[in-house]
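The next part holds the structures, each set out as structure tokens.
First subunit A sits with subunit B, and in the next complex the same chain sits with subunit C.
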Partner chain A sequence: MSSKGPPRAAHPAPSGGGGSAAAKPQAWRSLSTYWPALALVTPALVVVGVFFVVPLLLSAIGAFRAADGGFTLAHFEKSLELYTRDLVFTLGIVALSTVLIALVATAIAGYLTLGESPRAVAVLRWLYRWPLFIPFVVTGQVMRTFLAKNGMLNHALIGTGLIEPISAQSMLDWRGIVIAFVWKQAPFVTLLVAGAMAALAREHIEAARNLGAPRWRVLVEIVLPQVRGTLLVGLVLSFVTMLSVLSVPLMINPNSPTMITVDVAYRINTFADYAVANALCLLSLLVAAFGAAFYLRHAVRRAESGA
Partner chain B sequence: MTARLGPGILRALLLALFAFVIFGPLLNLVLWAFAERWYFPSKLPLQYGFTFWERVFAPRGNAIASLGTSVWIALLTVAFSLAVAIPAGYALGRLRLPWRGAILLAFLLPQAVPNLPVYVNIAQVFYQIGLAGTITGVVLVHASHGLVLAVWIASAAFASVDGSLEEAARNIGASAWTCFRTITLPLAAPGLMASAIFVFLESLDEFTGTYFVGVPDVTTLPLLMFNASMGGNYQIASITALLLLVPSIGFMLVVERFLKADVLAMVGR
Partner chain C sequence: MKSRMLLSVAVLGLFAATPAVAQTTLNVVTAGDQNMVDYVNNYLGPRFEKMNPGVQVRAVGTGPGDSGSQKIYEKLSAQQKAGAATWDVDVAVVHQRGAATMVGDKLLMPYRNDIAAGKLVSRDTAKNALGADVDGYVLPMFHSQIAFAYNPDLVKAPPKSFGELAEWVKKNPKQFGYNGVKGGMSGVGFVMGWVAANSGMGDKLEKGPYDPAAKATIEKSLTSLKDFNQYVVMTPGNAGTLDMLNRGEIAMGPVWVDMFYTWMADGKMNPKVKLELPSPGLPGQPMYYVIPAKAANAAMAKKFIDFAESPEVQADGIVKQFNWYPGIDPQYVQSKLEPAAWNKLFTDISPATLAKNGRPFPLSQYFTDIVEGYERVVLK
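Entry: the complex of A and B
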């Protein structure tokens, strides 16, 4: 295993190399400097390439390929004809969930940063993380029971006198999906944002508090602008994740109108119709590209400044 | 804003409400796991018992077999991911590498793009080459996704190792390999352990990829839970869900011990 090269200083043009190093072309010299590192990275890149990038390209090709191998837009026409409502439904649910996640995460992280009761902060810090550790499938099952007509939510509302028993209703529709998404993803964004807030310099916050600014104004006008990047990254990651979760919509709201992921599974399991499934996937990729553009722009900036 | 309303009481009320939002759904799940009979107007189960637990844990029950399959797949995924991610993380964290930012970004791709098209098409390709419905196929799918976390955390773990210790070892004549084995690797071990835990959990909890690639022969615990739930058997589904929660919550409680702040600070650098 001598290919696990030494950290540094072993490869850049050894001094006893006969003085030919300077004569070699620049590109060749940098390649010989870097080859151990490149060799170490290559297997991982190959795995991502073969098992992620290639299938993604296949999806793009499959969406445009006719039965005879030629180019066609028929799959998109069929997708839009059958599933336009579901595309709008999907976008609406994911967008609404993202907005709610932003609000919840900002509120919790803000209280964790600015809260004045150490005990309340400690309790909140312990409480909010739990859904983070819970898989999406389990979240689906948990919400399926909690939000049902006979679920604990309705019993709690009836028990506290907030609703009459007669008006108890199942929330297992678009509301259930949104609730499940916010419940599961808000802690993740909160974790990121609270971490960023904790790293801020305290002087500005203290100064504003000393001048008598209420805490919500400190949060909105001083703290939030400084952690906007982290909040955005968390939201975009959540946005993309929610777009490709299959289990939650399948378990909470499998009937039309439903999310695109359910339609994709249905096209494949019922008709083995990979063409329309791929077209639907591509359409939801288009939605995600909008969000990912934000994320990648920020990530590039971070990777460059950190390198 | 709470100044005139008895801030202590209002705060306690809000925290109690929040606790209900977090734990209410989980409590509902626990109730279902022990409910023998439970239907609409009654607030709580009419009868509690362990009948369904006996069924789940029966020697010929599916749950034990699925648990075994899940753990085996997760272990293989960790082994495969780390075998590839440790060299890559070392190169990204310690060596000089051209296009370093671009390579780190490439490993982000599976997080930044919806995975559904990938799973659908991998399933189709695997079906043609006979990998669909096999453990190998599922492990490959899980590993290509788990790799992302593994590479990023491994890279951060190696970057946080103090370079002067390695130089000292090299100066007194240790070979590059000896230096890596006795200095770098042990110092990075907690971070690598953390990445192994994350990959293990991600594989254990993975649903969509297994749903498309694993059918019909590979039934992991999440798939078993899903099938029970869709079949209307809430007790079996809830018990299986609880089984799935144990490793997730257990590991997450210990993961902070492995993932130190100095490593976290290097993630994404």
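Entry: the complex of A and C
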């Protein structure tokens, strides 16, 4: 996530350069300056290779391998036959959550930057980070009792007279999953965006305020365009994270339609069917790849512009 | 020189001080809910350790449902493939599907005839696990049963059969809840019961032979389940059904009898809620004690299971404390319990009803056809 990107090749090695290297041929010199960098990066590369790339490749191969070892597309056919609805549902839930997270994060970060009551800002700053430290599985558990038909939310709404007891309904379906995701991920994006907003030069904001612009206009027209990149990166990271969460859909709504992670766990646990599970993983990887491509393009652009 | 001698004397003394029996750790790995781990750690383990000085019982849980057994299977299978001389699991507690696969892959050791308690089992499940021959390799730890739990304040006359249930939900929409096939076995069991009742192939599902052509009949009965589902609530898991019953959000739903009684005993369940076992029946299943083929402490494992299957432990531990139906023949257990404790287990469901409507799960192949059919027909 660092904006610095990969280590710059132009940096000289901390030692060993010196006069003697200058006498050697150009190619040899560049290799010798690379050695320490290579040595430093090797352990990380090995870990990534052994624990991430190899399992990923094995999983990809498994998705195309028939029981007799030959090539087959049967696992994808089965995945699409049984789980197309869940794939669409997953995409819908995650997309909707991402939009809501953007709104919530912008609102909170905007108030932290433009709010005029120091006390309210301090309280909000203290409060909004709490969900960051709560694991997804706990979020799922909390929501399970909070959002139930006779749960705390409906009790509060009935108690305040906002709804009639008869119209209370359970939100332990797609709505529950969206609420849990937004509750958990909005603070993360807020943290990034609020940081970026705090780093902005205040002149534009103050000029706009002096000219009589209301705060929401300052937020939408002055502040937001300047932190757009950070906001998008935060959203892409949230998007990819939410795609991979198993605990929340499992605890709130494991029945159809459900998220693809539940189906992956179900294929393995009930049928020991790793092939279809692998195919489902590849399909969700495809979805995540859109996010990753977007993120990389943005990160590269920032690195190139020297930000 | 002198100090070295002193040191060796001290070392010798240290050895002499340790008890003659070497410390043995008996690794018990159990699938199932947390109550299974609690049972071994809090009940069985301490008693067995007291009787066998120098033995330490260590229980590990691998999680609920067939996936828990699947994890044990994968661990043993990996050790088999690696050619390990001894395996680090001494006793495993697994579901029927897991036991059938493990026997098929030669991962288990036959032991029933080696222990005294082996003669106390009578039910068919000691020999047959979902159509697979497991004779000699397993002893049922307990039997559990799925039944409808209902709130008598809301349901005066609970449906006695699946046919009556289908009528009932139309009159009382969103009052029946179950957890589908992806949220735990009580929902899976309900689906099995539905298919057995509506496909007209109940007996064939349990006894075989397997006929792939029956898929069409199965899927036809699932079509009516799709219609049924419009009138019911989907709950989040086995515990989710109990939760919703307790909060009054549903009036009826399928639950595991032992979980139900445990929740009741812990004060987590409305004490008015009752059980009903409808006709033609709902499935139940045992959990099995098994010993891996190359268990490091096989002799001690046999001793442990013999103890766990003794009428005293089955009476006090399995029935009285954990509300399971006994794994061995009830006649040996009933005499060890006062009538009140025994009757508590049969308050709502009589032994006769249990014998008639307590069914085994279908054969593995039918099981797979039914849950996949559910995904194909009901969830689409």
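By definition in this document, the second predicted complex is superposed on the first by the 273 of 307 C-alpha atoms of A that agree within 3 Å, B and C clash if a C-alpha of one lies under 4 Å from a C-alpha of the other, contacts with A are read in each partner's own complex, and residues count from 1 in each chain.
Just so we're on the same page, a residue touches a chain if its C-beta (ideal position, glycine included) is under 8 Å from a C-beta of that chain, and two chains touch if they have at least 3 such contacts.
All values reported here derive from a predicted model rather than from experimental measurement.
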So, A:Leu232: does it touch subunit B (first), subunit C (second), both, or neither?
neither
With the two structures laid over each other on chain A, which partner does A:Ala277 touch: subunit B (first), subunit C (second), both, or neither?
first
In the three-chain superposition, say which chain, subunit B or subunit C, touches more residues of subunit A.
B
Looking at A:Trp183 after the superposition, I want to know if it touches subunit B, subunit C, both of them or none. Which is it: first, second, both, neither?
first
Under the stated touch criterion, which partner chain does A:Tyr34 make contact with: subunit B (first), subunit C (second), both, or neither?
first
In the superposed arrangement, does A:Thr258 touch subunit B (first), subunit C (second), both or neither?
second
Please indicate which partner A:Phe52 is in contact with in the superposed arrangement: first for subunit B, second for subunit C, both, or neither.
first
In the overlay, answer first, second, both or neither for which of subunit B and subunit C A:Leu246 touches.
first
Counting only touches as set out at the top, which of subunit B and subunit C does A:Ile268 meet: first, second, both, neither?
both
Just to be sure I read the superposition right, which of the two partners does A:His155 touch: subunit B = first, subunit C = second, or both, or neither?
first
Touching both subunit C and subunit B, counted on subunit A across the two superposed complexes:
144-145, 149-151, 250-251, 265, 268
Residue positions on subunit A within touch of subunit C in the complex are 81-82, 85, 144-145, 148-151, 170, 172-173, 250-258, 262-263, 265-266, 268-272
Residue numbers of subunit A touching subunit B in their complex, please.
1-2, 4-8, 10, 30, 33-34, 36-38, 40-41, 43-45, 47-48, 50-53, 55-56, 58-59, 62, 117, 120, 123-124, 127-128, 130-138, 140-146, 149-153, 155-156, 159, 165, 183, 214-216, 236-237, 240, 243-247, 250-251, 261, 264-265, 268, 274, 277-278, 281-282, 284-285, 288, 292, 295-296, 299-300, 302-304, 306-307
Which positions of subunit B touch subunit A when the two form their complex?
1, 8, 11, 15, 18-29, 31-32, 38-43, 84-85, 87-88, 90-92, 94-98, 100-101, 103-125, 140-141, 143-145, 147-148, 151, 163, 166, 170, 176-177, 179-180, 184, 205, 207-208, 211-212, 222, 225-226, 229-230, 234, 237-238, 241, 244-245, 248-249, 252, 268-269
Under the stated contact criterion, what part of subunit C meets subunit A in this complex?
65-67, 70, 73, 179-183, 233-234, 236-237, 240, 243-244, 247-249, 368, 371-372, 375-376, 379-380
